[in-house]
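Once you scroll down, you'll see the structures, which are given as C-alpha coordinates.
Each of the next two complexes has chain A plus one other chain: chain B in the first, chain C in the second.
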Partner chain A sequence: MVKAVTGFGRSGLYDWFIQRVSAVVLVAYTLFIVGFIFLSKDFGYDSWSALFEQRWVRVFSLVALISTIAHAWIGLWSVITDYLTNRMMGGKATVLRILVEVLLGAVAVFYAVWGIEILWGV
Partner chain B sequence: MLKVSIYRYNPDTDSAPYMQDYELDTQGKDLMVLDVLELLKAEDPSLAFRRSCREGVCGSDGMNISGKNGLACVMPISEAAPKGKLVLRPLPGLPVIRDLVVDMEQFYTQYKKIEPFLQNDTPAPAIERLQSPEDREKLDGLYECILCACCSTACPSFWWNPDKFIGPAGLLQAYRFLADSRDEATDERLSKLDDPFSVFRCHGIQNCVNVCPKGLNPTRAIGHIRNMLITRAV
Partner chain C sequence: MNKNRPVNLDISTIKLPAAALVSILHRISGVVLFAVVALLLCMLDASLESEQGFQEVADTFNSVPAKLILWVALAALIYHLIAGVRHLLMDVGIGESLDGGRRGAVTVLVLSVILILLAGVLIW
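The block that comes next holds the complex of A and B.
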(Lines of atoms letter the chains of each structure in order from A and count residues from 1; the text may use other names and numbers.)
(Lines give C-alpha, C1' and ligand atoms only; values in the text may rest on other atoms or scores of the structure.)
Protein backbone atom coordinates (compact mmCIF):
# COMPACT_ATOMS: atom_id res chain seq x y z
CA MET A 1 0.00 0.00 0.00
CA VAL A 2 1.50 3.29 -1.11
CA LYS A 3 0.44 6.47 0.72
CA ALA A 4 -0.59 9.42 -1.44
CA VAL A 5 -2.29 12.42 0.13
CA THR A 6 -2.25 14.76 -2.85
CA GLY A 7 -4.15 12.46 -5.19
CA PHE A 8 -7.67 13.54 -6.04
CA GLY A 9 -9.42 11.02 -3.83
CA ARG A 10 -6.51 9.38 -1.99
CA SER A 11 -7.61 5.96 -3.29
CA GLY A 12 -6.54 4.69 -6.67
CA LEU A 13 -9.93 3.12 -7.25
CA TYR A 14 -11.74 6.37 -6.44
CA ASP A 15 -9.48 8.36 -8.79
CA TRP A 16 -9.92 5.76 -11.52
CA PHE A 17 -13.69 5.78 -11.11
CA ILE A 18 -13.96 9.60 -11.06
CA GLN A 19 -11.76 9.80 -14.15
CA ARG A 20 -14.12 7.48 -16.06
CA VAL A 21 -17.31 9.20 -14.86
CA SER A 22 -15.91 12.66 -15.66
CA ALA A 23 -14.85 11.44 -19.10
CA VAL A 24 -18.41 10.29 -19.83
CA VAL A 25 -19.80 13.64 -18.64
CA LEU A 26 -17.33 15.49 -20.89
CA VAL A 27 -18.25 13.37 -23.92
CA ALA A 28 -21.94 14.06 -23.30
CA TYR A 29 -21.33 17.79 -22.86
CA THR A 30 -19.13 18.03 -25.95
CA LEU A 31 -21.74 16.23 -28.06
CA PHE A 32 -24.43 18.51 -26.64
CA ILE A 33 -22.58 21.75 -27.37
CA VAL A 34 -21.23 20.71 -30.78
CA GLY A 35 -24.67 19.30 -31.66
CA PHE A 36 -26.34 22.57 -30.65
CA ILE A 37 -23.92 24.65 -32.72
CA PHE A 38 -24.36 22.57 -35.86
CA LEU A 39 -28.02 21.62 -35.57
CA SER A 40 -29.66 24.88 -34.52
CA LYS A 41 -31.20 26.63 -37.54
CA ASP A 42 -30.22 30.24 -36.86
CA PHE A 43 -27.25 29.91 -34.58
CA GLY A 44 -26.15 33.21 -33.11
CA TYR A 45 -26.08 35.34 -29.99
CA ASP A 46 -29.85 35.03 -29.39
CA SER A 47 -30.05 31.26 -29.54
CA TRP A 48 -26.79 30.96 -27.58
CA SER A 49 -27.97 33.21 -24.72
CA ALA A 50 -31.43 31.59 -24.76
CA LEU A 51 -29.73 28.23 -24.32
CA PHE A 52 -27.67 29.38 -21.35
CA GLU A 53 -30.63 31.11 -19.71
CA GLN A 54 -32.05 27.70 -18.90
CA ARG A 55 -31.03 26.53 -15.47
CA TRP A 56 -30.37 22.92 -16.50
CA VAL A 57 -27.88 24.06 -19.15
CA ARG A 58 -26.05 26.11 -16.52
CA VAL A 59 -26.01 23.17 -14.13
CA PHE A 60 -24.88 20.81 -16.92
CA SER A 61 -22.12 23.28 -17.83
CA LEU A 62 -21.04 23.52 -14.19
CA VAL A 63 -20.96 19.72 -13.89
CA ALA A 64 -18.83 19.62 -17.07
CA LEU A 65 -16.50 22.27 -15.62
CA ILE A 66 -16.10 20.35 -12.36
CA SER A 67 -15.54 17.16 -14.37
CA THR A 68 -12.81 18.91 -16.36
CA ILE A 69 -11.08 20.01 -13.16
CA ALA A 70 -11.30 16.55 -11.54
CA HIS A 71 -10.21 14.81 -14.75
CA ALA A 72 -7.31 17.21 -15.25
CA TRP A 73 -6.16 16.92 -11.63
CA ILE A 74 -6.11 13.11 -11.73
CA GLY A 75 -4.38 13.02 -15.12
CA LEU A 76 -1.79 15.71 -14.40
CA TRP A 77 -1.14 14.34 -10.91
CA SER A 78 -0.25 11.00 -12.55
CA VAL A 79 2.06 12.79 -14.94
CA ILE A 80 3.91 14.77 -12.26
CA THR A 81 4.22 11.76 -9.95
CA ASP A 82 5.69 9.84 -12.90
CA TYR A 83 8.26 12.44 -13.94
CA LEU A 84 8.99 14.53 -10.82
CA THR A 85 10.11 11.77 -8.48
CA ASN A 86 12.55 11.78 -5.58
CA ARG A 87 14.04 8.60 -7.02
CA MET A 88 15.18 10.51 -10.10
CA MET A 89 15.75 14.03 -8.75
CA GLY A 90 16.35 13.70 -5.02
CA GLY A 91 14.79 15.99 -2.42
CA LYS A 92 14.09 18.87 -4.78
CA ALA A 93 11.42 16.73 -6.48
CA THR A 94 9.22 17.11 -3.40
CA VAL A 95 9.44 20.90 -3.54
CA LEU A 96 8.89 20.91 -7.30
CA ARG A 97 5.90 18.58 -7.03
CA ILE A 98 4.26 20.64 -4.29
CA LEU A 99 4.82 23.82 -6.34
CA VAL A 100 3.20 22.28 -9.43
CA GLU A 101 0.32 20.93 -7.32
CA VAL A 102 -0.28 24.34 -5.73
CA LEU A 103 -0.19 25.93 -9.19
CA LEU A 104 -2.65 23.36 -10.55
CA GLY A 105 -4.89 23.87 -7.51
CA ALA A 106 -4.85 27.64 -7.96
CA VAL A 107 -5.72 27.30 -11.66
CA ALA A 108 -8.53 24.88 -10.77
CA VAL A 109 -10.06 27.24 -8.18
CA PHE A 110 -9.68 30.20 -10.55
CA TYR A 111 -11.46 28.42 -13.39
CA ALA A 112 -14.20 27.09 -11.09
CA VAL A 113 -15.03 30.53 -9.66
CA TRP A 114 -14.70 32.24 -13.04
CA GLY A 115 -16.89 29.60 -14.67
CA ILE A 116 -19.65 30.03 -12.09
CA GLU A 117 -19.43 33.80 -12.54
CA ILE A 118 -19.82 33.46 -16.31
CA LEU A 119 -22.61 30.88 -16.16
CA TRP A 120 -24.74 32.76 -13.66
CA GLY A 121 -23.63 36.23 -14.74
CA VAL A 122 -25.20 36.39 -18.17
CA MET B 1 28.66 -13.80 -40.39
CA LEU B 2 26.38 -12.55 -37.66
CA LYS B 3 27.12 -9.08 -36.35
CA VAL B 4 26.50 -8.78 -32.63
CA SER B 5 26.54 -5.59 -30.62
CA ILE B 6 26.54 -6.07 -26.86
CA TYR B 7 26.15 -3.62 -23.98
CA ARG B 8 29.27 -3.79 -21.87
CA TYR B 9 29.81 -2.28 -18.46
CA ASN B 10 32.19 -3.28 -15.73
CA PRO B 11 31.89 -0.78 -12.87
CA ASP B 12 35.38 -1.69 -11.64
CA THR B 13 37.13 -0.65 -14.86
CA ASP B 14 34.68 1.32 -17.05
CA SER B 15 33.64 4.90 -16.37
CA ALA B 16 30.58 4.50 -18.60
CA PRO B 17 28.77 1.70 -20.43
CA TYR B 18 29.57 1.16 -24.11
CA MET B 19 28.50 -1.13 -26.97
CA GLN B 20 31.03 -3.72 -28.07
CA ASP B 21 30.84 -5.26 -31.54
CA TYR B 22 31.51 -8.92 -32.23
CA GLU B 23 31.27 -11.12 -35.28
CA LEU B 24 30.28 -14.74 -35.16
CA ASP B 25 30.24 -17.43 -37.82
CA THR B 26 26.92 -19.21 -37.23
CA GLN B 27 27.67 -21.75 -40.01
CA GLY B 28 24.20 -21.18 -41.36
CA LYS B 29 22.50 -22.47 -38.24
CA ASP B 30 19.52 -20.73 -36.71
CA LEU B 31 21.04 -20.49 -33.23
CA MET B 32 19.28 -19.22 -30.18
CA VAL B 33 20.53 -15.90 -28.83
CA LEU B 34 21.86 -17.68 -25.74
CA ASP B 35 23.96 -19.98 -27.98
CA VAL B 36 25.42 -16.87 -29.59
CA LEU B 37 26.31 -15.48 -26.16
CA GLU B 38 27.89 -18.77 -25.06
CA LEU B 39 30.00 -18.93 -28.24
CA LEU B 40 31.10 -15.32 -27.77
CA LYS B 41 31.89 -15.94 -24.10
CA ALA B 42 34.18 -18.78 -25.16
CA GLU B 43 36.17 -16.15 -27.09
CA ASP B 44 35.80 -13.35 -24.54
CA PRO B 45 35.42 -14.74 -20.99
CA SER B 46 34.91 -11.24 -19.56
CA LEU B 47 31.38 -11.15 -21.01
CA ALA B 48 28.82 -11.48 -18.20
CA PHE B 49 25.21 -12.69 -18.46
CA ARG B 50 22.86 -14.90 -16.47
CA ARG B 51 21.61 -18.24 -17.71
CA SER B 52 20.52 -21.51 -16.24
CA CYS B 53 18.01 -23.93 -17.77
CA ARG B 54 18.48 -22.79 -21.41
CA GLU B 55 14.91 -23.82 -22.25
CA GLY B 56 12.67 -20.91 -21.24
CA VAL B 57 11.71 -22.25 -17.84
CA CYS B 58 14.00 -20.61 -15.28
CA GLY B 59 13.71 -17.01 -16.45
CA SER B 60 17.37 -16.17 -15.82
CA ASP B 61 18.36 -14.85 -19.23
CA GLY B 62 15.77 -12.12 -19.74
CA MET B 63 17.38 -9.31 -21.71
CA ASN B 64 16.65 -6.69 -24.31
CA ILE B 65 17.13 -8.44 -27.66
CA SER B 66 17.25 -6.09 -30.67
CA GLY B 67 14.98 -3.64 -28.86
CA LYS B 68 12.48 -6.08 -27.38
CA ASN B 69 12.67 -7.85 -24.05
CA GLY B 70 12.79 -11.62 -24.25
CA LEU B 71 14.52 -14.79 -23.12
CA ALA B 72 17.81 -15.34 -24.95
CA CYS B 73 17.46 -19.13 -24.72
CA VAL B 74 14.20 -19.37 -26.67
CA MET B 75 14.77 -16.50 -29.12
CA PRO B 76 16.15 -17.70 -32.48
CA ILE B 77 18.48 -15.31 -34.31
CA SER B 78 16.27 -15.60 -37.41
CA GLU B 79 13.67 -13.67 -35.42
CA ALA B 80 15.97 -11.47 -33.37
CA ALA B 81 18.36 -10.52 -36.17
CA PRO B 82 16.60 -10.99 -39.51
CA LYS B 83 19.06 -8.58 -41.17
CA GLY B 84 22.12 -10.23 -39.65
CA LYS B 85 22.65 -7.74 -36.80
CA LEU B 86 21.88 -8.65 -33.22
CA VAL B 87 21.81 -5.97 -30.50
CA LEU B 88 21.84 -7.14 -26.89
CA ARG B 89 21.26 -4.89 -23.91
CA PRO B 90 20.34 -5.57 -20.27
CA LEU B 91 16.69 -5.37 -19.21
CA PRO B 92 15.78 -1.66 -19.25
CA GLY B 93 15.09 0.33 -16.09
CA LEU B 94 16.94 -1.81 -13.57
CA PRO B 95 20.43 -0.97 -12.26
CA VAL B 96 23.18 -2.76 -14.20
CA ILE B 97 25.57 -4.85 -12.13
CA ARG B 98 27.76 -5.82 -15.05
CA ASP B 99 27.20 -6.22 -18.82
CA LEU B 100 23.83 -7.98 -19.23
CA VAL B 101 23.37 -8.70 -15.53
CA VAL B 102 20.90 -6.43 -13.74
CA ASP B 103 20.02 -5.94 -10.10
CA MET B 104 16.53 -7.45 -9.70
CA GLU B 105 16.01 -6.17 -6.15
CA GLN B 106 13.27 -3.67 -7.05
CA PHE B 107 11.45 -6.34 -9.02
CA TYR B 108 11.53 -8.83 -6.13
CA THR B 109 10.54 -6.18 -3.59
CA GLN B 110 7.35 -5.58 -5.57
CA TYR B 111 6.75 -9.33 -5.88
CA LYS B 112 7.18 -9.72 -2.12
CA LYS B 113 4.56 -7.03 -1.50
CA ILE B 114 1.76 -9.08 -3.03
CA GLU B 115 2.44 -11.94 -0.57
CA PRO B 116 2.84 -14.65 -3.20
CA PHE B 117 1.67 -17.61 -1.13
CA LEU B 118 -1.70 -19.17 -0.27
CA GLN B 119 -3.29 -17.74 2.86
CA ASN B 120 -5.83 -20.00 4.47
CA ASP B 121 -6.47 -20.20 8.20
CA THR B 122 -8.97 -23.05 8.18
CA PRO B 123 -7.41 -26.26 9.56
CA ALA B 124 -5.89 -28.28 6.76
CA PRO B 125 -7.93 -31.35 5.76
CA ALA B 126 -6.45 -34.85 5.98
CA ILE B 127 -5.77 -34.75 2.25
CA GLU B 128 -4.99 -31.76 0.02
CA ARG B 129 -7.26 -28.72 -0.21
CA LEU B 130 -9.19 -29.78 -3.27
CA GLN B 131 -10.32 -27.54 -6.11
CA SER B 132 -13.01 -28.17 -8.70
CA PRO B 133 -11.67 -28.41 -12.26
CA GLU B 134 -13.45 -25.09 -12.95
CA ASP B 135 -11.68 -23.35 -10.07
CA ARG B 136 -8.36 -24.82 -11.13
CA GLU B 137 -8.94 -23.53 -14.64
CA LYS B 138 -9.06 -19.96 -13.31
CA LEU B 139 -5.32 -20.20 -12.58
CA ASP B 140 -4.44 -20.98 -16.18
CA GLY B 141 -2.55 -18.12 -17.79
CA LEU B 142 -1.39 -17.00 -14.33
CA TYR B 143 0.62 -19.79 -12.71
CA GLU B 144 2.90 -20.18 -15.76
CA CYS B 145 4.78 -16.95 -15.00
CA ILE B 146 8.51 -17.60 -14.48
CA LEU B 147 9.34 -14.13 -13.09
CA CYS B 148 11.86 -13.34 -15.81
CA ALA B 149 11.01 -9.61 -15.45
CA CYS B 150 10.70 -9.09 -19.22
CA CYS B 151 7.23 -7.57 -18.74
CA SER B 152 7.88 -5.29 -15.77
CA THR B 153 11.06 -3.90 -17.31
CA ALA B 154 9.20 -3.16 -20.57
CA CYS B 155 6.58 -1.13 -18.70
CA PRO B 156 6.98 2.68 -18.66
CA SER B 157 4.93 2.91 -15.46
CA PHE B 158 7.41 0.54 -13.81
CA TRP B 159 10.35 2.54 -15.19
CA TRP B 160 9.05 5.73 -13.53
CA ASN B 161 7.86 4.21 -10.26
CA PRO B 162 9.60 0.87 -9.62
CA ASP B 163 9.36 1.58 -5.89
CA LYS B 164 5.59 2.16 -5.90
CA PHE B 165 3.96 0.44 -8.90
CA ILE B 166 3.89 -3.33 -8.44
CA GLY B 167 4.36 -3.90 -12.14
CA PRO B 168 2.81 -6.43 -14.52
CA ALA B 169 4.67 -9.50 -13.19
CA GLY B 170 3.74 -8.81 -9.57
CA LEU B 171 0.15 -7.98 -10.47
CA LEU B 172 -0.25 -11.13 -12.56
CA GLN B 173 0.83 -13.06 -9.47
CA ALA B 174 -1.42 -10.93 -7.24
CA TYR B 175 -4.37 -11.99 -9.38
CA ARG B 176 -3.17 -15.60 -9.34
CA PHE B 177 -3.79 -15.61 -5.55
CA LEU B 178 -6.94 -13.49 -5.73
CA ALA B 179 -8.40 -15.97 -8.21
CA ASP B 180 -7.43 -19.03 -6.18
CA SER B 181 -10.46 -20.68 -4.54
CA ARG B 182 -8.26 -21.95 -1.70
CA ASP B 183 -7.06 -18.50 -0.67
CA GLU B 184 -9.02 -16.72 2.06
CA ALA B 185 -7.21 -13.39 2.19
CA THR B 186 -8.96 -11.87 -0.85
CA ASP B 187 -10.27 -8.84 1.02
CA GLU B 188 -6.97 -8.04 2.74
CA ARG B 189 -5.13 -8.49 -0.53
CA LEU B 190 -7.48 -6.11 -2.33
CA SER B 191 -7.23 -3.52 0.47
CA LYS B 192 -3.47 -3.44 0.04
CA LEU B 193 -3.83 -2.72 -3.69
CA ASP B 194 -6.32 0.13 -3.46
CA ASP B 195 -3.89 3.07 -3.66
CA PRO B 196 -3.11 5.28 -6.68
CA PHE B 197 0.16 3.46 -7.47
CA SER B 198 0.15 -0.30 -6.80
CA VAL B 199 -2.41 -1.25 -9.47
CA PHE B 200 -3.71 1.99 -10.88
CA ARG B 201 -0.41 3.16 -12.38
CA CYS B 202 -1.18 0.65 -15.11
CA HIS B 203 -2.38 2.70 -18.07
CA GLY B 204 -2.98 -0.27 -20.34
CA ILE B 205 0.10 0.33 -22.49
CA GLN B 206 0.35 -3.46 -22.95
CA ASN B 207 4.10 -3.66 -23.50
CA CYS B 208 3.92 -6.50 -20.97
CA VAL B 209 1.59 -8.50 -23.21
CA ASN B 210 3.75 -7.73 -26.20
CA VAL B 211 6.98 -9.06 -24.67
CA CYS B 212 5.92 -11.94 -22.38
CA PRO B 213 7.97 -14.97 -23.55
CA LYS B 214 5.34 -17.28 -22.06
CA GLY B 215 2.49 -15.62 -23.96
CA LEU B 216 0.72 -14.46 -20.79
CA ASN B 217 -1.49 -11.40 -20.48
CA PRO B 218 -0.76 -9.28 -17.38
CA THR B 219 -2.99 -6.45 -18.64
CA ARG B 220 -5.99 -8.76 -18.53
CA ALA B 221 -5.09 -9.88 -15.00
CA ILE B 222 -4.79 -6.23 -13.93
CA GLY B 223 -8.24 -5.63 -15.43
CA HIS B 224 -9.62 -8.48 -13.31
CA ILE B 225 -8.05 -6.99 -10.16
CA ARG B 226 -9.62 -3.63 -11.00
CA ASN B 227 -12.99 -5.30 -11.50
CA MET B 228 -12.69 -7.02 -8.13
CA LEU B 229 -11.84 -3.68 -6.49
CA ILE B 230 -14.82 -2.00 -8.15
CA THR B 231 -17.21 -4.83 -7.37
CA ARG B 232 -16.53 -4.63 -3.66
CA ALA B 233 -16.64 -0.81 -3.59
CA VAL B 234 -19.80 0.19 -5.48
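The block that comes next holds the complex of A and C.
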Protein backbone atom coordinates (compact mmCIF):
# COMPACT_ATOMS: atom_id res chain seq x y z
CA MET A 1 0.00 0.00 0.00
CA VAL A 2 1.26 3.45 -0.86
CA LYS A 3 1.14 5.90 2.02
CA ALA A 4 0.72 9.63 1.52
CA VAL A 5 3.77 10.60 3.54
CA THR A 6 3.14 14.34 3.24
CA GLY A 7 -0.41 14.04 4.56
CA PHE A 8 -1.10 15.36 8.05
CA GLY A 9 -2.37 12.26 9.84
CA ARG A 10 -1.01 8.82 9.15
CA SER A 11 -3.77 7.93 6.74
CA GLY A 12 -6.68 9.39 4.84
CA LEU A 13 -8.98 8.33 7.67
CA TYR A 14 -6.87 10.24 10.24
CA ASP A 15 -6.85 13.28 7.94
CA TRP A 16 -10.61 13.04 7.57
CA PHE A 17 -11.09 12.81 11.33
CA ILE A 18 -8.65 15.61 12.21
CA GLN A 19 -10.35 17.80 9.59
CA ARG A 20 -13.74 17.28 11.28
CA VAL A 21 -12.53 17.80 14.85
CA SER A 22 -10.60 20.96 13.93
CA ALA A 23 -13.64 22.23 11.98
CA VAL A 24 -15.87 21.88 15.06
CA VAL A 25 -13.28 23.68 17.22
CA LEU A 26 -13.07 26.51 14.68
CA VAL A 27 -16.85 26.93 14.43
CA ALA A 28 -17.01 27.12 18.23
CA TYR A 29 -14.16 29.65 18.41
CA THR A 30 -15.60 31.80 15.61
CA LEU A 31 -19.02 31.93 17.30
CA PHE A 32 -17.34 32.69 20.64
CA ILE A 33 -15.34 35.67 19.30
CA VAL A 34 -18.15 37.03 17.09
CA GLY A 35 -20.60 36.58 19.96
CA PHE A 36 -18.29 38.43 22.35
CA ILE A 37 -17.83 41.36 19.97
CA PHE A 38 -21.56 41.75 19.33
CA LEU A 39 -22.96 40.88 22.75
CA SER A 40 -20.63 42.78 25.08
CA LYS A 41 -22.25 46.03 26.15
CA ASP A 42 -19.30 48.36 25.74
CA PHE A 43 -16.91 46.56 23.43
CA GLY A 44 -13.53 48.25 23.51
CA TYR A 45 -9.91 47.83 24.51
CA ASP A 46 -10.78 47.22 28.18
CA SER A 47 -13.20 44.35 27.66
CA TRP A 48 -11.12 42.94 24.77
CA SER A 49 -7.84 42.85 26.70
CA ALA A 50 -9.62 41.56 29.83
CA LEU A 51 -10.98 38.70 27.73
CA PHE A 52 -7.52 37.66 26.56
CA GLU A 53 -6.05 37.97 30.04
CA GLN A 54 -8.03 34.90 31.10
CA ARG A 55 -6.02 31.76 30.81
CA TRP A 56 -8.83 29.63 29.37
CA VAL A 57 -9.35 32.16 26.54
CA ARG A 58 -5.64 32.02 25.71
CA VAL A 59 -5.71 28.23 25.74
CA PHE A 60 -8.91 28.19 23.64
CA SER A 61 -7.25 30.62 21.18
CA LEU A 62 -4.14 28.45 20.99
CA VAL A 63 -6.22 25.32 20.40
CA ALA A 64 -8.07 27.22 17.65
CA LEU A 65 -4.77 28.31 16.08
CA ILE A 66 -3.39 24.76 16.13
CA SER A 67 -6.69 23.55 14.66
CA THR A 68 -6.38 26.18 11.94
CA ILE A 69 -2.89 24.99 11.04
CA ALA A 70 -3.86 21.30 10.97
CA HIS A 71 -7.05 22.07 9.04
CA ALA A 72 -5.19 24.25 6.54
CA TRP A 73 -2.47 21.65 6.03
CA ILE A 74 -4.97 18.90 5.24
CA GLY A 75 -7.09 21.18 3.05
CA LEU A 76 -4.22 22.73 1.12
CA TRP A 77 -2.56 19.32 0.77
CA SER A 78 -5.73 18.07 -0.91
CA VAL A 79 -5.81 21.10 -3.19
CA ILE A 80 -2.17 20.91 -4.30
CA THR A 81 -2.20 17.15 -4.80
CA ASP A 82 -5.23 17.66 -7.05
CA TYR A 83 -3.89 20.50 -9.17
CA LEU A 84 -0.08 20.29 -9.08
CA THR A 85 0.06 16.87 -10.69
CA ASN A 86 2.36 15.12 -13.11
CA ARG A 87 -0.60 14.65 -15.42
CA MET A 88 -1.07 18.40 -15.61
CA MET A 89 2.51 19.63 -15.74
CA GLY A 90 4.86 16.68 -16.08
CA GLY A 91 7.67 15.62 -13.75
CA LYS A 92 8.37 19.08 -12.40
CA ALA A 93 4.99 18.96 -10.60
CA THR A 94 6.52 16.81 -7.83
CA VAL A 95 9.31 19.32 -7.22
CA LEU A 96 6.87 22.23 -7.27
CA ARG A 97 4.49 20.46 -4.91
CA ILE A 98 7.25 19.73 -2.41
CA LEU A 99 8.40 23.37 -2.58
CA VAL A 100 4.84 24.53 -1.88
CA GLU A 101 4.61 22.09 1.04
CA VAL A 102 7.87 23.38 2.50
CA LEU A 103 6.56 26.93 2.16
CA LEU A 104 3.26 25.97 3.82
CA GLY A 105 5.16 24.31 6.65
CA ALA A 106 7.28 27.44 7.16
CA VAL A 107 4.18 29.66 7.25
CA ALA A 108 2.50 27.25 9.68
CA VAL A 109 5.47 27.43 12.09
CA PHE A 110 5.52 31.22 11.71
CA TYR A 111 1.79 31.48 12.54
CA ALA A 112 2.15 29.18 15.55
CA VAL A 113 5.10 31.07 17.05
CA TRP A 114 3.55 34.46 16.35
CA GLY A 115 0.22 33.38 17.88
CA ILE A 116 1.90 32.11 21.06
CA GLU A 117 3.87 35.35 21.37
CA ILE A 118 0.69 37.43 21.03
CA LEU A 119 -1.35 35.32 23.46
CA TRP A 120 1.32 35.09 26.16
CA GLY A 121 2.64 38.58 25.45
CA VAL A 122 6.34 37.89 25.08
CA MET B 1 -21.58 0.50 -24.93
CA ASN B 2 -19.99 2.34 -27.80
CA LYS B 3 -16.36 2.89 -26.86
CA ASN B 4 -15.94 5.70 -29.38
CA ARG B 5 -18.63 7.95 -28.01
CA PRO B 6 -17.52 11.59 -27.71
CA VAL B 7 -15.98 12.57 -24.39
CA ASN B 8 -15.77 16.12 -23.11
CA LEU B 9 -13.07 16.63 -20.51
CA ASP B 10 -12.60 20.35 -21.15
CA ILE B 11 -13.59 21.60 -17.72
CA SER B 12 -14.07 25.19 -18.91
CA THR B 13 -17.00 24.12 -21.12
CA ILE B 14 -18.72 21.98 -18.51
CA LYS B 15 -21.59 23.67 -16.69
CA LEU B 16 -21.03 23.39 -12.96
CA PRO B 17 -23.93 21.94 -11.00
CA ALA B 18 -24.65 23.72 -7.68
CA ALA B 19 -22.80 21.09 -5.63
CA ALA B 20 -19.67 21.48 -7.80
CA LEU B 21 -19.84 25.26 -7.46
CA VAL B 22 -20.13 24.93 -3.68
CA SER B 23 -17.14 22.57 -3.69
CA ILE B 24 -14.78 24.74 -5.73
CA LEU B 25 -15.78 27.86 -3.77
CA HIS B 26 -15.08 25.95 -0.56
CA ARG B 27 -11.55 25.28 -1.83
CA ILE B 28 -10.97 28.84 -3.02
CA SER B 29 -12.28 30.35 0.23
CA GLY B 30 -10.07 27.92 2.17
CA VAL B 31 -6.93 29.06 0.33
CA VAL B 32 -7.94 32.70 0.91
CA LEU B 33 -8.51 32.04 4.62
CA PHE B 34 -4.98 30.66 5.09
CA ALA B 35 -3.72 34.12 4.11
CA VAL B 36 -6.42 35.81 6.20
CA VAL B 37 -4.91 34.16 9.31
CA ALA B 38 -1.95 36.54 8.93
CA LEU B 39 -4.33 39.50 8.85
CA LEU B 40 -6.22 38.28 11.93
CA LEU B 41 -3.00 37.66 13.89
CA CYS B 42 -1.82 41.14 12.89
CA MET B 43 -5.08 42.69 14.15
CA LEU B 44 -5.01 40.64 17.36
CA ASP B 45 -1.39 41.61 17.98
CA ALA B 46 -2.04 45.35 17.58
CA SER B 47 -5.39 45.33 19.41
CA LEU B 48 -3.93 43.67 22.52
CA GLU B 49 -0.72 45.73 22.48
CA SER B 50 -2.25 48.88 24.02
CA GLU B 51 -5.36 51.04 24.03
CA GLN B 52 -3.76 53.11 21.27
CA GLY B 53 -3.07 49.99 19.22
CA PHE B 54 -6.69 48.92 19.60
CA GLN B 55 -7.82 52.35 18.41
CA GLU B 56 -5.45 52.20 15.43
CA VAL B 57 -6.95 48.88 14.31
CA ALA B 58 -10.44 50.37 14.65
CA ASP B 59 -9.40 53.52 12.74
CA THR B 60 -7.83 51.48 9.91
CA PHE B 61 -11.28 50.18 9.06
CA ASN B 62 -12.55 53.67 8.33
CA SER B 63 -10.82 53.59 4.94
CA VAL B 64 -12.62 52.05 1.98
CA PRO B 65 -9.81 49.65 0.86
CA ALA B 66 -9.50 48.29 4.41
CA LYS B 67 -13.27 47.82 4.60
CA LEU B 68 -13.15 45.91 1.31
CA ILE B 69 -10.32 43.65 2.52
CA LEU B 70 -12.20 42.98 5.76
CA TRP B 71 -15.36 42.21 3.82
CA VAL B 72 -13.58 39.76 1.51
CA ALA B 73 -11.99 38.07 4.54
CA LEU B 74 -15.33 37.81 6.33
CA ALA B 75 -17.04 36.61 3.14
CA ALA B 76 -14.49 33.80 2.82
CA LEU B 77 -14.95 32.90 6.49
CA ILE B 78 -18.77 32.95 6.34
CA TYR B 79 -18.88 30.91 3.16
CA HIS B 80 -16.25 28.38 4.26
CA LEU B 81 -17.98 27.89 7.62
CA ILE B 82 -21.43 27.30 6.12
CA ALA B 83 -20.13 24.97 3.40
CA GLY B 84 -18.18 23.14 6.12
CA VAL B 85 -21.29 22.67 8.25
CA ARG B 86 -22.92 21.10 5.17
CA HIS B 87 -20.04 18.58 5.08
CA LEU B 88 -20.56 17.76 8.75
CA LEU B 89 -24.32 17.32 8.22
CA MET B 90 -23.64 15.00 5.28
CA ASP B 91 -21.22 13.03 7.49
CA VAL B 92 -24.10 12.25 9.84
CA GLY B 93 -26.27 11.28 6.89
CA ILE B 94 -28.29 14.44 6.25
CA GLY B 95 -28.68 15.55 2.62
CA GLU B 96 -26.73 12.71 1.05
CA SER B 97 -29.15 11.87 -1.76
CA LEU B 98 -28.79 13.45 -5.19
CA ASP B 99 -31.73 15.73 -4.51
CA GLY B 100 -30.67 16.41 -0.93
CA GLY B 101 -27.17 17.28 -2.11
CA ARG B 102 -28.56 19.74 -4.62
CA ARG B 103 -30.89 21.33 -2.08
CA GLY B 104 -28.06 21.54 0.47
CA ALA B 105 -25.76 23.19 -2.07
CA VAL B 106 -28.38 25.79 -3.01
CA THR B 107 -29.09 26.42 0.68
CA VAL B 108 -25.38 27.01 1.31
CA LEU B 109 -25.22 29.51 -1.56
CA VAL B 110 -28.38 31.41 -0.55
CA LEU B 111 -27.51 31.50 3.16
CA SER B 112 -23.94 32.67 2.42
CA VAL B 113 -25.08 35.46 0.11
CA ILE B 114 -27.52 36.73 2.77
CA LEU B 115 -24.93 36.63 5.58
CA ILE B 116 -22.17 38.12 3.40
CA LEU B 117 -24.46 41.02 2.44
CA LEU B 118 -25.37 41.44 6.12
CA ALA B 119 -21.65 41.55 7.01
CA GLY B 120 -21.18 44.19 4.31
CA VAL B 121 -23.99 46.29 5.80
CA LEU B 122 -22.40 46.00 9.25
CA ILE B 123 -18.99 47.05 7.93
CA TRP B 124 -20.40 50.14 6.16
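The definition used in the following text is that the second predicted complex is superposed on the first by the 119 of 122 C-alpha atoms of A that agree within 3 Å, B and C clash if a C-alpha of one lies under 4 Å from a C-alpha of the other, contacts with A are read in each partner's own complex, and residues count from 1 in each chain.
Convention: a residue touches a chain if its C-beta (ideal position, glycine included) is under 8 Å from a C-beta of that chain, and two chains touch if they have at least 3 such contacts.
As the structure is a computational prediction, the values presented were derived from the model and not from experiment.
Legend: residue contacts after superposition of the two complexes on their common chain; A:121 is shown touching chain C, with no touch to chain B. In the superposition on chain A, no contact is made by A:47 with either chain B or chain C.
Applying the stated contact rule after C-alpha superposition, one finds that A:15 touches chain B and leaves chain C untouched. In the superposition on chain A, contact of A:81 is made with chain B only, not with chain C.
Chain A contributes residues 1-4, 7, 10-13, 15-17, 77-78, 81-83, 85, 87 to its touches with chain B in the complex. Of all the residues in chain C, the ones that touch chain A in their complex are 27, 30-31, 33-34, 37-38, 41, 44-45, 47-48, 50-51, 54-55, 77, 81, 84-85, 87-88, 91.
Note for the complex: chain A touches chain C at residues 20, 23-24, 26-27, 30, 44-45, 48-49, 52, 68, 72, 75-76, 79, 107, 111, 114-115, 118, 121. Residues 157, 160-164, 191-201, 203, 226, 229-230, 233-234 of chain B are the ones that touch chain A when the two sit in their complex.
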